[in-house]
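Labels run A, B, C, D and E following the written order; every chain starts at residue 1.
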Amino acid sequence: MELTFFIAAAVAVLATIMVVTQYNLIHALLYLVVSFLAISVVFFTLGAPFMAALEIIIYAGAIVVLIIFVIMMLNLTQEDIQHEKEWLKPRIWIGPAVLSMILLVELVYIFTADTPDTYRSTPVEAQAVGMSLFGPYVLGVQLSGMLLMAGIVGAYHLGRQKKKVIHRFLERTEA
Amino acid sequence: MENLLWVIPALPFMGALLLILLGGRLSGPAVSAIGVGCVGLAAVFTLLLGFQFLTDAPAGGVYRQEVWQWFEVAGFNPSIAFHLDALSLVFIFVITFVGFLIHLYSTAYMAEDEGFTRFFAYMNLFVGSMLVLVLADNLLLLYLGWEGVGLCSYLLIGFWYKEPQNGYAARKAFIITRVGDTAMAIGLFMLFQYFGTLHIQSISTEAVQSWPVGAQPALLIAFLLLGGAVGKSGQLPLQTWLPDAMAGPTPVSALIHAATMVTAGVYLIARMHVLFELAPVAQLTVAVIGAVTLLLAGFSALTQSDLKRVLAYSTISQIGYMFLALGVGAWSAGIFHFMIHAFFKALLFLAAGAIILSLHHEQNMFKMGGLKEKMPAVFWTFLIGAASLAALPLITAGFYSKDQILWLALAGERGNVWLYAAGLMGAFITAIYTFRMVFITFYGESKTHLEHPPGTLIILPLVVLAILSTIGGFIELPHNFGHVVLFSDLLRPVLPNLAVDDSLASAEWMFQVLAAAISLAGVLIAFLVYLKKPELHAQIRNSGAAMALHRFWYSGWGFDKLYGALFVQPFVFLATLNKNDVIDSFYSFLTSLTRALNRGLAQTQNGILRWYMMGVVVGALIILTISLLP
Amino acid sequence: MNTLPMEYGLLLAGILFVIGLVSLLIRRNIIFMLISVEIMLNAAGLAFIVAGARWAQPEGQVMFIFIITMAAAEVSVGLALILQLYHNLKTLDSDAANLMHG
Amino acid sequence: MMLAWLLILLMAGGILAWVSGRLHAQAPRWIALFVSLACLSITLFLWTQTPPAISPAGTWLLRYELPWVPQWGVSFSLALDGLSLLMLALTFFIGLVSVLISWKEIKNKVGFFHFNLLWVLAGITGVFLTMDLFLFYFFWEVMLIPMYFLIGIWGHENRTYAAYKFFIFTQASGLLMLLSILGLYFVHGAATGTYTFNYFELLGTNFPPGVGGWLMAGFLAAFLVKLPVVPFHSWLPDAHSQAPTAGSVILAGLLLKTGAYGLLRFVIPLFPENAQAFAPGAMLLGVIGILYGALLAFAQTDLKRLIAYTSVSHMGFVVLGVFAFNQWAYQGVVMQMITHGISTGALFILAGLLYERLHTRDIRQMGGFWPAIPKMGVIALVFVMASLGLPGLGNFIAEFLTLVGSWRANPVLTIFATIGLVAATVYSLRIMQRVFLGAQKTSKGMRDLSFREMVIALPLVALILWLGLYPQPVLDLAQGSLEEQLEAYQKPELKTTSPNAVTLTAHPQDSVHTLKGGSHALE
Amino acid sequence: MRLNDLTYLMPLLVLVGASIVTMLSVAVKRNHRVVFGLTVLAHLVAMYFLLPLRGFTYPIPPFLIIDGWGVFTMGLILATSLFVTMVSYAYFEQREERKEEYYILLLLATLGACVLVISQHFMALFLGLEVLSVSLYALISYLRTREMSDEAGIKYLILAAMSSAFMLFGMALMYAVTGTMAFPEMAAFLNSGQEMPLLFLTGFGLIVVGVGFKLGVVPFHMWAPDVYEGAPAPVTAFIATVSKGGMMGLLIRFISETNGYRYPSLLLIFTIIAIASMLAGNLLALRQKNIKRLLAYSSIAHLGYLLIAFLAGNQLGVEAVSFYLVAYFITTLGAFGVVAFLSDNVRDADQLEDYRGLFWRRPATAAIFTAMLLSLAGIPLTAGFVGKFYILASGVNTQQWILVGMLVLNSIIGVYYYIKVIAVMFAQPEQKPELRKVLHPAISFASGATMAVLGLLLVWIGVFPSTLVQLIRGLLVTFMASL
């Protein structure tokens, strides 16, 4: 089990690093899916099988696909990959990376400063999750409904297009 | 009658007020009537009151009248109250009477001037202030008069304001006297601190009781009051304004800068004689200042070419004599000389004014000459005045008053030989420059054309003053020579008598002869150098050292330059340097600092999203780091 | 089940979080930014799962569900916005979107 | 209630004037004139009602109090004593003059102008009347905005800058005072348990060591800036010279006086010991102000700026006197407040009249105006002389009393202050010389005072003469309140015997709960 | 969840219901006026249901708690939102965009803010916050044809999501330490423990990032000017008030419940943030020529002021925060109301030059704007003065001299730019064409009336603060008692 965790964790980290360093959006998204899959394995090892499923279904399944749809709508080309290359110069990433690394070091220090605290991984099954979700936290469910409603209304309003976007060079006619 | 004391100063004030308020609407004669009439009436009242004072002497020798209480703060309660004793009587007599004559003279002198009304308004205001000064029963009221005359002096010196030079002279006079006044004001603060009042009589009595001779505070106060006195009276070291004050119309010079105002210092010292007697060092200083001043001014007078400036320096010099007298404790002698000086100096100025007017405002003696025939009346009166100034023996009043001072400077208990020598030397120089003036102006060849000969209104005051300058001396004669002591008797209740060194008393006649001889010698030298052998004069002048000396004396011993370098220039320099206020630039700096900060910070708002996120990360880092801190 | 220190799970979450953060900071493509945010949110979710597992409570998982919900709502609005922006700016460069500054 | 009416009258009048400006161009003027006249008459009526010499027991002539924010211990508390009455009389007199002087000068936005004018007066009136520190600060700030508008809208060419400067300086110092007011409030509350801003209750507060000084510093900041004292004066020349005539008159005549009033009314009675400790420093500041102001005044070429710097110089006497702690100096200060208000106000009026005629304030372009405008010349002469402290005019009494008093407190500084009189002569005569004497520079458009202008000028002359020759009514009126301020100094043992056991950290128990773990003090 | 709870949740339910009803009505027929009416009505009804909740402390475990503080902040949020709605009508009427979704989003955002301030559980906090945020994303970029609007939206979205991630991570850490997400239990855990675990503190720090972002304080402030500028003026008003105020309400509840004042490092963090916010906000605003950005910077500074009172950590401090929030809300609403009122259908009236001589063209509008600016500057006769006074009082009371000193310094800097705007309004008008096409007066009636009410409120509170003080004290008694 421990080994599974470590392997999955390593895969997740590597896949995520690949996401960050890819120039091609689609490739990056594929790595992202890999990363999500690895994380879902981690969920299993942590005793949250239901969440592992949700991770795959919603993140990898829904959200990534949504993004891919949009990318398709935007009609990206090789040119854009070139742009990505240009944009990802060391001059640009060195500063943020250093800052983030400091942050990481601090986090690592904080996580390891206390004496290691082990736990017994008793799995929390889907039923328990469901019971609490629709028990004490039912208000939360309702609120997330409102959250989704806000998202939908917003996306509906913003996403509306009078004309389909063809290409930025071709399209001249929109209001 | 004594209840009408307030009328004397009130009359000229009323005149001034009338002239100011109605000014534009009055005709020339009406203006003269008001201007001269008020002073004349004041003179009449003075004579009446003086007559009553002399015949029916009041208890304590004082008339006092409180008009109203000025103000009262925590026991400080000066009044608008007048105090008439012998000393002030002498002064108000001179002020109103000589003042009246000069006013009269001015109606003719100023007749053509566009500021005729203004002139009389100022003059009346001056007379009023001066009367307040000498009649005041407390020092604060005295200070009011003191500053009031200063103001009038300023206004009148700058009367012909279109010339910037006159304005400059006027301001110089005001500011320099103000320096002295400041010292005096501090003296008043100290007096108030010690006595809780500024009432002169109370101070005089209490000072004697509470302080021994030589007491520190008395010394300080006496010095401070002396500061005021030297400022007003044009004594060293504040004498520089007086020669320049001649920029005013000549009657002004006669009244203010010769006869009355400049002697206010003498009055003050005489008034506060108690303090000076408690502070012998201060009193000695008075004498020394007097002696030095009379010499310095005398030498300067020797070199002047402007008729009025000669007279101005001679005024300084003569007031030096008065100071000398006061300094050696010859109080009544000083006051006596004041009176006589008022007569003959007014006379001289008025006569000079007559000349100047006739010569179309020409003041340079060297451009005159030969006026003896052209204006005989003026010549003779001028000559009488000059004789009095030069103290020609026996016939002139000046001789008696000056001789008394000289004698007491030597023989008085506080006199010494050095003071006497200085006085004697001064008398010699006086004689020289006086007759230098006479010879250059009236003798020799005529260089000018007489425009309008002086009229009656001009001659009349001259004659009256000439008479006074002659006979005035006979009311006080040395005890080995007639021994008339009317004047000192009059003053005795007010001013202490001076004990005379008996060892010298027998030799008094010798010194009188010496004094007479000295002045005659002076006249002789003047005659030789300026009339008989002008080439001698030129010879002396052209020698190098003499030329330098001449220039030095001519400029009044370089005091103007000195003060300019010491005070005026640094002040002006600082002022112009700091015109825009260095402190302000500190605040401007703060403003630009915030501006710079703004500019710097505005750079961070560059609109780039990644940069904003960096901000968040930095913030998170800082927060985490702080959390990590123990 | 065997035992595993909680710190390992948190470490993984932390590492993923920071990678997401780095990506967010260095990427100029707005879609990449959105993806990076998803990585970060996912890392936070992971941390909740770890914490929930530690206490053997369902709360961690419940929270993860809410996080996913929020991520979905946000991505939908975000993508709509990106479309709109691309429509206006013709680029996905976030640095180009700086009409407003100063 | 009478006191509240004054405020209501002014404020309502202001609004009315503003509104009426839309109906008729002249209406605001008449309304403002009427309002200020009414206020002046009320004040004078109150004056006639007071007994000639007020016994120390009954210093307060009128009191009016309404609860305002009872939760904080703030009340709408007005009170009138001799000092305030004098200040009110001055306020409304100057107000009246300002209305009259603006009659022709202000041509646009007349309604709004008079609104601001009356509201400034209302703020000043409030400052002079209020006996609640919160309310005091309130009015202190109320003065500011309308004044800002007066300068900023109707001022001269550089008005915006001047208005900012004025506003920021006074605002900054005012905030410091607010801090001190609050500190005082809490110190007093912690010590006695009653939280109040009431002046009478705050009197005699004992301070923990070191605290009193800081609290006083806040008050001083506000008052010294307003006064102003070098080196906080730099707003003044700009504000004074850029303001319209009425603005300059009110600034010099009234606004500066609020600083002096604050010193007398608040700093001295509230912090007797600290004030005494600070006295030498304050007096030194005063002397520096006198001399520095004089030096700067001499250098100026802008007439209004010159006059403005003379204010700096003259206000130095006020500081000198306030910290001398004796009757003479205090009476001198009160006289200085009044006479300076009149004389400098008059000088600003003259500058304004000259500006109207010449459209310049540069004295290098003036000169020799006497023959053309002799009336103005005479009046200028009077006030120039007042400015240099000529006896017989009110300013002399003021300065002399101040100096007499300060001599007792500190002779050395008094000597330097007295030297200031010489400097005053130097700059004052410069005005006369450069404007009225010398060769005539221009005669274009020079006309002498009109009837309206004479109506303004003559009362000013009469007043300054009256104050110089018979100031007793004014002195009597002020005496009672001044004695009260001084009482603390005559009985110093009262102040020092009670031990100061209270510390600030003791928090009020009745009104302030602390949250869990709250109420910390940051080190 | 009991049935009884529903009465206490009525205000929230009304908002939820209203948003759904509105959405349905839009689905049937678009009518701006009807939607507007519905929204206004919803606010009024919600406020009506809020009224009886005063004076109780009613926890609805595990998520929510209704107490004085919650009622106060909710009331404030509802009222503010109502004013925003009122101002919005005229603003959106003249734009050809579809207007109706705006009101749905506004209602949802208000709902989120309300949940935020009464939450006592991380989940409720998170959900409330996200409902608010997600609605705001859409609201900010609502005028989607404006590039600036889109740009502001995307900036806000990315940054908000990022800060949410930080916050979530922090919450997870705290949860990992304490094993609970409810505030009371968390407090219990902390009170039992001797020392605050490092992990907990870290979690707290990361939450502060999220909080700081929403509050718009330095260094999380950089979005503020861009979003303020890009968003439609009413939305800007909403962000400046409801979003920030909601977060402030939450912060006070959270810190006081979990007893955060004990931890010096937390106080140090907030002190630094407060000082930096005051300074940066005011300095940045100094030469700003864009009114909306200027107000954004000023809001950064004002949040810094608020933190001073927050840091006082006693009742006086909470009172001060409450009062200041009210004053600040009124002022901000008024100011943005004026901006919205003057805007035309092409762009918002956000340039300083648009205001030149406004006083002589539209005296009433200019007077209200002047009053608002003076209130921001803290000048008497306005509510802002009393608010600032309150804050100073709380600072002086707890002797936070550094903070108080900074407040004074910053007020002075602040005065400059507020006055600058006023000066421009009072400057001589230049020949400049009227900025906007004149709307039918009836349309802007709602805006005009709203602004008049706001102006009156401003002066009323400024002159007679005691009513409000009384109200706040009354409400806070239950809050204090609940602790």
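Miscellaneous remarks
The rule is short, and it goes like this: a contact is a pair of C-beta atoms (placed from the backbone, for glycine too) under 8 Å apart; a residue touches a chain by one contact, two chains touch by 3 or more.
Everything numeric here is computed off the predicted structure, so don't read it as measured data.
Graph distance from subunit C to subunit D, where chains that touch are one step apart, equals 2.
Shared contact partners of subunit A and subunit C, listed by label: B, E. Each chain gets a centre from the mean of its Cα atoms; the one farthest from the centre of subunit C is B. If each chain is reduced to the average of its C-alpha atoms, the one that sits nearest the average of all protein C-alpha atoms is D. Taking the mean of C-alpha positions as each chain's centre, the chain lying farthest from the centre of subunit E is B. Just count the C-beta contacts per chain pair and the biggest one is A-C. Subunit A and subunit B have Cα centroids lying 101 Å from one another.
A separation of 96 Å divides the Cα centre of subunit B from that of subunit C. Mean C-alpha positions place subunit D and subunit E at a centre distance of 41 Å.
Note: centroid distance subunit C to subunit E, computed from Cα atoms, is 26 Å. Multi-chain contact residues of subunit D (touching two or more other chains): none found. Multi-chain contact residues of subunit A, defined as those touching 2 or more other chains: 96, 99-100, 103, 107, 110-111, 114, 137, 140, 144, 147, 150-151, 154-158.
Multi-chain contact residues, meaning those touching two or more other chains, occur in subunit E at positions 123, 127, 130, 134, 137-138, 141, 144-145, 153-155, 158, 162, 198, 202, 225-226.
By the document's touch criterion, interfaces exist between A-B, A-C, A-E, B-C, B-D, B-E, C-E, D-E. Those residues of subunit C whose C-beta lies close enough to touch subunit B in the complex are 21, 24-26, 28, 33, 94-95, 97-102. Touching subunit D in their complex are the following residues of subunit B: 20, 23-24, 68-74, 76, 80, 114, 140, 143-144, 146-148, 151, 154-155, 158, 161-162, 164, 167, 170-171, 174-175, 178-179, 181-182, 185-186, 188-190, 192-193, 571-572, 574-576, 578-579, 581, 583-584, 586-587. Residue ranges of subunit B in contact with subunit A, taken from their complex: 610, 614, 617-618, 620-621, 624-625, 628. Subunit E makes touch with subunit C in their complex at residues 122-123, 126-127, 130, 133-134, 137-138, 141, 144-145, 147-148, 150-155, 157-158, 161-162, 164-165, 168-169, 171-173, 175-176, 179-181, 225-226, 229-230, 288, 290, 293.
The part of subunit A that touches subunit C in the complex is made up of residues 1-2, 5, 9, 12-13, 16-17, 19-20, 25, 28-29, 32, 35-36, 39, 42-43, 45-48, 50-51, 54-55, 58-59, 62-63, 66-67, 70-71, 73-74, 80, 83-84, 87-88, 92-93, 96-97, 99-101, 103-104, 107-108, 111-112, 114, 116-124, 128-129, 131-133, 137, 140, 144, 147-148, 150-152, 154-159, 161, 165, 168, 174.
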